[in-house]
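So, here come the structures, one by one.
Common to both upcoming complexes is chain A, partnered first by chain B, then by chain C.
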Partner chain A sequence: MTADTGAASAAPMKSNDRRLTYEEFERYSRQMIVPGMGKHGQLRLINSRILIIGAGGLGCPAAQYIAGAGVGTIGIVDGDTVEISNLHRQVGHATSRLGWKKVDSLIAHLKDINPLPNYIPHPFHLDPQNAADIITQYDLVMDCTDNPATRYLISDVCVLLRKPLVSAASVQKSGQLIVLNCPPAPQGLVDKKYPPCYRCCFKKPPPPSSMVSCGEAGIMGPVVGMMGVAQAGEAIKIIASALHLPPSSTNDLTAPIPERNLQQPTLLIYTYDLESAVGPYSFRALRMAGRRKNCFACGENSTLTLEGIKTGNPNYVTFCSPPTTDHALPPEDRITASKYHETRARGELPAHLLIDTREKEHFSFGAIDGAINVPFGRFLMNAAAIKRDGGPPDQILPAEAALGDDTPIFVVCRRGLDSQETVEKLKELGVDHGGKRKIMDIVGGMKAWKDEVDPTFPFV
Partner chain B sequence: MSKPPPGNFTILYFASASSFTAKNVEFLPAPLPLSKLFATLEERYQGIKEAVLSSCLVTVNLAYVDVPGEDGDDGEEEGKEEEVVIKEGDEVAIIPPVSSG
Partner chain C sequence: MSETAAEPKMAITVDFSGGLEMLFSNQRRHALSIPAHDKDGKPSNIAFLISHLCKTLMKDPRTDLFVLDDHIRPGILVLINDADWELEGEEAYEIQPGDNILFVSTLHGG
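And now, the complex of A and B:
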């Protein structure tokens, strides 16, 4: 049985016009018969090299479809190992592979799906020193990472090496997806019709205070899964339809990009609401602008170079985490978790109010006896409202707590930062009644409580 | 989602903008010049500008817009364009960068 009845001519077979093997034909038949794909789309996939950076919640679902579709060479970058808290969303790993390097675990899973591709493990994190050397080996890059510094690094290197970038991100209950730098245009060539890079869309990283990881803020498996799958869909489409290439009649990379490839850059936003059965979940497709004239990376006067990146210019770490104000309170306003526990157990603490500023989901797993939950986000809003409208400061305290003017307040949070800010804010509002009432921070939060007092405490 | 009442526009808050405001959506009085949007939000949610808005992108009716005054050098690039005014019934979205995965 032949997979390609039209291939009987004597013309030399180019690799992008060869006969498919029987296994390839069988394996990929259901996608090849989709209008627009065909054998040529499949051969483009087989001849292509895709780099997946991050083998986590985005990278796992993305990689499954990239492998299943038959992309010929698949590189995976990740320095982490598989942990049990990954498995609700990182579907390329398994309980039986806990402790494995994520790249090895994911590749084992992918080989089971499709043994034909060539899988290349890069079992370390991408950094400014290794980024260009790795990315240059591939045709298309998928950003499945989990931090802003790496996102800017990947985008910058993709601009300089002219690689299309499919970028997705997700946290808690929402996700984003955007195709960047596709088709790639030379750095500095600016025209609104050329596609944006990551910096054209997000010029500044979020302030560190608002940066939350999936480990801290939480993430729903299907939300990040949806984004990873959509990301694979875009990557497969770009390669199979050659949307990233100049016209095939020329090898000149500066040749004009075919009009069909210059599509409206679009940011897809997915949101999902746990509190509502009928919505508002939504997909929104937002029309983005093209390349920015003054973009730091791809714009007209950009001075960004690969050599610069390797030697620390720009510095991605300081760009994404500018020096923060030091929250350390004076020692007299702080008490360690163990000291709080001991003095309280000995009955040496006066009647007091214990505020736990973790979000209510964290609080629901357990708390110190008698703690009252005042989630930090809500607290900040109420504090701002009192400051703005000039209400009585004690209004910020939970109504159920009957307090004397000098009843001390202890504040505990997850890891010890929000509690310090809470103490500062309470004093700023005058809740300490000019020093009459002590307001104390429990150092290190519930993490310290678990480490110093109660090792069985269910800390997330 | 329901339409905004007469004289209002809809504003959607995504990711950290939603956490900060404790809302996914609300209605605000229209018309409002786009250049006044961040100040209006700062008045309602003290601290939001620095903590969230400074790194966000903004869309009006599903299309990206440059918020005047938020990016000094863009002023020159765009030239003297007509100032964008958010109108009654418009849908504005505040979209912070998300970096987790």
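And now, the complex of A and C:
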């Protein structure tokens, strides 16, 4: 050992100055000859431990490159199992491994790419009780999760344990990426030039009503894949260049962070359009602010502790989804999917209009016989226009439906929320003609239709 | 309020991303000409722009997906010429001709 690495007092296996094996040279040579990488960069990767939280659309592509690059210890956290609807984007899984635990499926794939790393499965979801115990075993964390509560939890623990965090997210046709907490500065040490944490950048989560998940809103495989690959790129750069560590001559984490390691916090966003070529795809690199003085997690007077997190303080669930007022229509305005189906099949239902308020992409998968598609967003817009400009309320109804003043209307949506709001709005506009016409909600939407009436219905 | 023909305007571009474009005619970029001053004669700032967008550009009635209590709703980042508005003075930033203002909804999926 040479003098300047001796102080690191690491176990001999972890030496940053050992010889590479013949296989390692062969396997990693193409990245080792890239300027700035070399044997030192490769050994740093081999001696490092990276935790990938989430083995889905971000985690799969990210893990492939982390494994391929030769990171020595790779932990994967996920409690889910592989489903067929995952496979268009979650490229670390396979049709032959449907039903497997995602961590096992992904690790099988990674071992095929590179058998040398030590793979550690954590086959459960990260939660406030287990987060610190898992994260503490690693040098860098990649947030590849799909919900805000876990994102805030991961960031908070990374601040307290001083782990750099590479965070990405993606929905539909957009993706975002940001490196946080790198190099990690001690909690409460405030200086604008120090890197932000997740809370510094995203103080509060959006209200749940405005949030969409990939399961509900959809996701293009290459978009989320691009963000996962970019995450791996950042993680490899940080480890190979030791950007997250204090100067190599000391192991003192409170030593001032060298200027060369301070990066401009940057949020990368990637977007494209599907239906028009008017807007081309775009990458934008946005300059973000540094550490925030009054940040709840890393700021001056932060009271956040690992003990607190374990015992429910803060409460991530209520922080991310404050209790909502659940408005349900009175029972006389509602009919279950099975009752609707049965009375209609027996011919006991009068001629009526059936409105389906799902988006047209969902509607294109299939619908109840005779349903007319009136997407919810467009419906609200038209309702607002009629309210503002006046005009006959029945104008809101689809033109192709010839209706008598008392022809009943039934409304169905995806899960039974939008349809209730639609019924309320229709009545508010006076489409019920003072009670002459019945307007009813089909309880539970097309989800209930699938569960109660037609199990083969392609519900998404 | 009065129709002064010479009301000075300025040209800016406003972008929406991360799903917010849905609320603005499904269009990601809007080239706009906005009043250079608010109704009190003060230079137009970001707070003015936000209410101006709600009144003139937003056709979707779900304004609560964009503003809550007269402020931009949590979960939306505002970028002024590609920099976080925190670096520029947030709502009080006085808009300059040619500025690009980007509203991005933060994503959580993966």
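Convention: the second predicted complex is superposed on the first by the 432 of 460 C-alpha atoms of A that agree within 3 Å, B and C clash if a C-alpha of one lies under 4 Å from a C-alpha of the other, contacts with A are read in each partner's own complex, and residues count from 1 in each chain.
Criterion: a residue touches a chain if its C-beta (ideal position, glycine included) is under 8 Å from a C-beta of that chain, and two chains touch if they have at least 3 such contacts.
This is a predicted model, so every value here is computed, not measured.
With the C-alpha superposition on chain A as described, chain C and chain B clash in the combined arrangement. Within the superposed three-chain model, A:L380 lies in touch with chain B and with chain C [touch as defined at top]. Once chain A of one complex is fitted onto chain A of the other, the partner contacts of A:N294 are limited to chain B, with no touch recorded for chain C.
Contacts of A:R30 after superposition on the shared chain: neither chain B nor chain C is touched. In the superposition on chain A, contact is made by A:P206 with both chain B and chain C.
Chain A residues in contact with chain B (one complex) as well as with chain C (other complex) are 54, 56-59, 144-148, 151, 168-172, 174-176, 201-207, 209-214, 217, 219, 224, 267, 269, 271, 273, 279, 284-289, 377, 380-381, 384.
Taken in their complex, chain A has these residues touching chain C: 54, 56-59, 144-148, 151, 168-172, 174-176, 201-207, 209-214, 217, 219, 224, 267, 269, 271, 273, 279, 284-289, 377, 380-381, 383-384.
For chain B in complex with chain A, the touching residues are 1, 14-16, 18-22, 24-25, 45-47, 50-52, 54-55, 57, 59, 62-64, 66, 71, 73-74, 77, 93, 95-101.
Within the complex formed with chain A, the residues of chain C that make contact are 17-19, 22, 27-29, 59-62, 64-65, 68, 73-77, 79, 82-84, 86-87, 102, 104-110. Of all the residues in chain A, the ones that touch chain B in their complex are 54, 56-59, 144-148, 151, 168-172, 174-176, 201-207, 209-214, 217, 219, 224, 227-228, 267, 269, 271, 273, 279-280, 284-289, 292-294, 377-378, 380-381, 384, 387-388.
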